[in-house]
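What follows is a pair of complexes built around subunit A, which joins subunit B in one and subunit C in the other.
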Partner chain A sequence: MFMHVFTYRLKCLVRNRQTVFWTLFFSLLLATMFCLAFGHLTSEREKFEPIKAAAVDNQAYREDVRFRQVLEHLSQPGDNQILDLVIVGKQEAEKLLEEGAVFGIIAVGGQGGSNPGAVRTQGGQAEAEAETETDVDTDADTDTDTGTGTDTGADTGTDTGTDTITLTVKERGLKQSILKAILDEYVQASRTVASILATNPGAARQLAAELQQRKGYTEQVSFSDAVPDTMLGFFYALIAMACLYSSFWGLRNTVDVQADLSSKGARRSVAPTHKLKVVVADAAAALVVSFAEVLALIAYMGLALKVRFGSQLGYVVLTCLTGCIAGVSLGHFIGTYVRGSEGFKTGIMIGANMAMSFLAGLMWVDIKHIVHLKAPVLAYINPATLIADAFYSLYVFDTHRRFFLNIGLLCLISAVLCTASFLRLRRERYASI
Partner chain B sequence: MQVFKVYFKVLRGTAAPLAINLCVFVGLAVLFSSTAPETDPGGFEPVRTPVTVINRDVDGEIARGLVDYLGGVFRLVDYPDDEEKLQDALFHRMVEYVVIIPPGFSDRFLSGQDCAIRKVIVPGSTSSHYVDISIDKFLNTVRLHHMYGRSRNYEASGAELVALAMDDLSVDVPALLKVADGRAGGDPPGHSYYYRYCAYALLAMVTMGVSSIMIAFNRPDLYLRNLCSPIPRRRINIELALGHGVFALGCWGILVALSFVLHGKTLLESGLAGLYALNTLVFALVCTAIGFVVGNFVRSVDAQAGAVNVIALGMSFLGGVFVPQSVMSKPVLTAAKLLPSYWFVRVNDAITEVSAFTPGKLSPVFNGMLVQLAFAAAIFSVALLLSKDRSVSSV
Partner chain C sequence: MQGLVKRYGKLVALDHFSLQVHEGEIVGLLGPNGSGKTTALNCILALLKYDKGTVEVFGKPMRPDAYDLKRNIGIVMQNVAVFDELREEENVDYFCGLYVEDARERRRLVDEAIDFVGLGGFRKYYPKKLSGGLLRRLNIACGIAHKPKLLILDEPTVAVDPQSRNSILEGIKELNRQGATVLYTSHYMEEVEQLCTRVVIMDQGKPLATGTAAELKAMIGRGETITVETYMLAPDDLERIRRLPNVTQAYYKDNQLRVHYDGGLHNLLHLLDYLKQREIPFNRVFSEQPTLNDVFLEITGRHLRD
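On to the complex of A and B.
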């Protein structure tokens, strides 16, 4: 009898085209939209590329041979290229900055930001400005001293020395900050040389050589092979939403089993089949349909959209299955406990699913982590967050502690929802329908 | 006004999903306003990248100096020396660079042995280059002082070397922030984000509400019953349209009122509240038209919910509501021009850029609003035309 109920229930569910659209095609559509809108956004946004900058071609710049050499060195094509420099007149540089073609204007002689609307700042310390100019004076003297017989010898005696290097930017940003850091390093290195030569004048030659060969002190290590792509969070939240949409099938089951909600429910209530058998067979059919849909979604995302899930396929499938069980249980729970028409129940379920998916990061990816930090309890009772976090922990961590915590909590929530629903459904009697 | 009264009775049935949509939006708006960038400091300030330093060389003076220096340049975020927590933080960009100073680093550095700071980063990212520059700069400066700073018979201590390096690194190049037409560049203010997210709230709420009414009034039995009622068809339509208008206006009013609750001060100071509200009102009209279409062509509640969600989330993601248009790829942006949400966001961004009410500044704002009105008119026209055909054929 179980197989009979199960088979016919399966047929009923699969033939409900609107719910099939809602639970399968909507997720596929949304995944495609996500991929189009920001599929590879993280790598494109964060990837380092040589910073476009304009140097003002004026008398002071041409005469500052050492500074020119430094900029040219940083602009050399290759793996270590930091700047993508154009050398143009002042007006052209300002035009490029205005158009957004460059991130900053580098000028020697304080002419970079000569527009009347410029606000002059000094890293937030106004008094430092005068100091810098004095320092650059020192720097110039140093150049003259150290340049003899070294690579910078060409400019010995030709440095104007008294000119200030300025940077003009249009907005605050990482690339602008790097430009400033590079220019800061130039004046800071000059100051270092000056202060060393004040106590050890004999070190000029070695210092000049040292300045040519900056030593790198960092060594990259990684905790795992996972590329920390923030945008994956959107896709994981979408899978969580798709799993929770199994609740539509669960809700359909409860409507079709309650005599006061549908004629089908009335017919089935008087059938001699045990209620538990009917409910379990219905739930199993709903689970089969929703699990197949989520697997189709995973296959589409993994194969067509190239979303990364890590290499542990078995655990990915387990997460989908657990998520679908939680979704079907949720649908049963809402179907039995929310009183009202089917439309009202559907509305409540969509709203609840949206709210849970939102907290899992569907609309704002950072929210999941913020909830984890600020209100961890909310993260532990929200099935959508647990599903998304299970995918996340599979992808990011080498251990499975957090993954199994998520799966365990999902199972617990499903068990509680199922038990509560069945207790409500069993032995239900109607005075009138 | 029987139909008008019934309109709101029917609407009561969708109150719960509408309220949940509003709550999701309010949650989003409050969270965003609490995490929105702070007001512009008034000049150029280098970005303070979030960095976590795990110092395993606690007693080393060079290590301590490096931590102090990084603290002055970047925003140091405290995290325990726990791999899982650090990975979590890096993945969610709570930190963008994890510096791990190995035990005995200072001693090896001062004795001239090979030593390195370990870093956990987003590979190849711009921010990692930025932090690399600072770490190398500090350690190279210390190294130069250590190797050449004093005569050979005087060995400077680590603390002295750090002090010398800190002194050298205290100078910087003047950075000028070019002010364009009275408005300094920088992150948009919080109220700009708020109004951008209004697009999702309006799409979800207005489309859901209007389509629910249309589905109820288009049910075949009710439709035929209304046709033979003594109220003329024209009057029913007018009262329905009035209901749609009042409902859309109500949603718009709630969102605008909420904007003043959350961002009242900055909104009033900017003088742009009227423009933002007007743009949102125009978009509410577009949403009403979309709801009208959905209600006319969808018969069941399930399909309606699907359609509303596809439209609200799809238009929001592709139009640049959740992800800024500035970071979207050109082909997607080109396709997005066919969506009214794209024009809403574009106008919203243009309003944020308005520094003076000059024709040059206002023309993109009003042009964008006109495009949205054209969308609304086109959607309404198509819906009316097709629904007329269908109603005639069904009867």
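On to the complex of A and C.
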């Protein structure tokens, strides 16, 4: 009898095209749109392209061996390549900048610096077409600042004298800022070396050795090997929403089993089949359908949209299953406790789902953190937040403590909703039909 | 069903309603919309709570968990109760499967039910593809497939074309011949009269009269009414017609002679003999038997379809 009810219920649900659209294809559509809308953010951040720049091939550049070596080092092909450098004449460099083929022109000497040792910006900064120049004084003129008059070209045997390094850019941007930062770093290091050697010429060897080993005084600690990704928050919330959309199936079940809501419910109620058996068989069918749909969504995200879910597939599946149980339970609960027509109940359910998904960060990621801070209880009773957080904790943390806390809470919520629903459904005589 | 009282707030839907149905009967519950027919059926089926009274089926109290009793009851709802997502034969199989576990036995019963309602050519059709009449037949097939001993039908012919209606009524008679006891509600008096061996006329939650159609008609003391189209009738002829056997009332208006009888045989023959004898020319002649509507009108002062 159980299998008879279950099998036919499965057929009924799978053939219900309208609900299948909302519970499966709508989620797939949203996932695709998320990917199209936000996907490039992730890819831009992850793929660093060497910055195209031009160095002016003049006498000063050729004589500044140390600077040339630095630029060549930064331009060496490989994972650590920062610059994509071309060495051309001044006019050619300007032409490349104008055409947008390079982001900046690096020139040694020529421009001089009215304020040696400092970064100077010239020209109209706010206008896109205006040219911005950044002058960086390297060494000899440091005499005026430091008063030491030390020649920093001692290591290379080349004294650049009064030469100034100039960066010319066409507009402001991330890549231009990186170019400027590189040159600033070079100037700062040169001046530091010059300053130290001026006071302690004997420290040259030790200094050279220490410069080879840059030491950071802050350390980034990761909870796992995963790379944090804000985009994932959206996808997790979407899966949470898809799980909660299982409530459509739960609601459908309650309509078809209650005599006061449908004639089918009345006919089933007068049949000699125990109500619990019918309710459980229906719920099992709803769970199978919704679980399959969410797995399809995960597969689509993982295989087609290349969303990373970490390596813990078993836990991912467990999260989906628990989420679907919570969704079906929620549908049963709303179907039995909200009074009104099926349309009214559906409206309430959609509203509840959207509200929970919003609080889980589907539309605005930060709301999840705000809820955690301002109303943590809400986060612990919102199935959407729990599902999304379970995925997130799987991805971010190596331990499963927080994951199982979420799963446990989801199970608890499902149990409460199921019990409450059945207590209401088993009321086998109705006040009115 | 004994002394059943069912209230919806201040509205009394069933007012000490009692009904007894004997094995092999086709009992018709006849009453206007809102008279309490469906409420009575839902109480019998233990779907509705009621305030007072008792319901027994097959001599045992009817409760929601009386599965042994439910196994022998078939129900055909007023609204079509089938799944749109299941094909015709799947629907019948599903509902039959709630009563019969054995798959082979169920297969046989489903085939029989489909053939019985004449839907053999539509087995693979989804309900939405069926016409209103065919859909009603499917609704009946779902209710009778498990061969119930007691079949309860709640206005099964609403919005059904005459051809399908006759087919449905003939089917119900056949089920009764096969041994099913039938409880049938309708506000179509012709149906009830044609189908039922006993009729219960009810209104405002109360049974007003019970008996066979003939007994109910006899109860109001009115026989047939004969109408004759004639263009000349002298007043003394009208007076003589009033003195013919069994005539209770006669009047002539708008070239029509209407004569009411209180029973008796060969009334039409006697009237036509008189007209022939008096050489009174006439055109069309109508004879109307009293209806259950007349009974209802006599008892309540209202028509059944008010």
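Assume the second predicted complex is superposed on the first by the 250 of 433 C-alpha atoms of A that agree within 3 Å, B and C clash if a C-alpha of one lies under 4 Å from a C-alpha of the other, contacts with A are read in each partner's own complex, and residues count from 1 in each chain.
Heads up, the rule we're going with is that contacts are C-beta pairs under 8 Å (C-beta built on N, C-alpha and C of every residue); 3 or more make two chains touch, one makes a residue touch a chain.
Note that the structure is predicted; figures quoted are calculated from it, not measured.
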Partner chain in contact with A:Thr273 - subunit B first, subunit C second, else both or neither: second
Contacts of A:Leu83 with subunit B and subunit C, given as first, second, both or neither: neither
Which of subunit B and subunit C A:Ala355 touches, first, second, both or neither: first
Partner chain in contact with A:Asn200 - subunit B first, subunit C second, else both or neither: first
Which of subunit B and subunit C A:Ile387 touches, first, second, both or neither: neither
Contacts of A:Val187 with subunit B and subunit C, given as first, second, both or neither: first
Contacts of A:Ser263 with subunit B and subunit C, given as first, second, both or neither: second
Superposition-derived comparison: subunit B or subunit C, residues of subunit A touched: B
Partner chain(s) touched by A:Leu410 [first = subunit B, second = subunit C, both, neither]: neither
Shared contact residues on subunit A - subunit B and subunit C: none
Contacting residues of subunit A [partner subunit C, same complex]: 1, 4-5, 8, 11-13, 15-16, 256, 259, 262-264, 266-274, 428-433
Subunit A to subunit B touching residues, read off their complex: 18-19, 21-22, 26, 29-30, 33-34, 36-38, 41, 44-49, 82, 94, 97-98, 110, 112-113, 115, 117-124, 128-129, 131-132, 135, 164-178, 180-189, 191-193, 195-196, 199-200, 203, 206-207, 210, 214-224, 226-228, 230, 233, 248, 341-344, 346-348, 350-352, 354-355, 358, 363-370, 372, 392, 396-397, 399, 402
Complex interface listing, subunit C residues touching subunit A: 8, 38, 42, 45-49, 64-65, 67-68, 70-71, 73, 75, 77-83, 85-86, 90, 93-95, 97-99, 101, 142-143
Subunit B - residues contacting subunit A, complex: 13-14, 16-17, 19-21, 23-24, 27-28, 31-32, 35, 40-47, 49, 83-84, 86-88, 90-94, 100, 115-130, 132-137, 139-141, 143-145, 147-151, 164-165, 167-182, 184-187, 200, 300-303, 305-306, 309-310, 313-314, 316-318, 322-323, 327-329, 332, 335
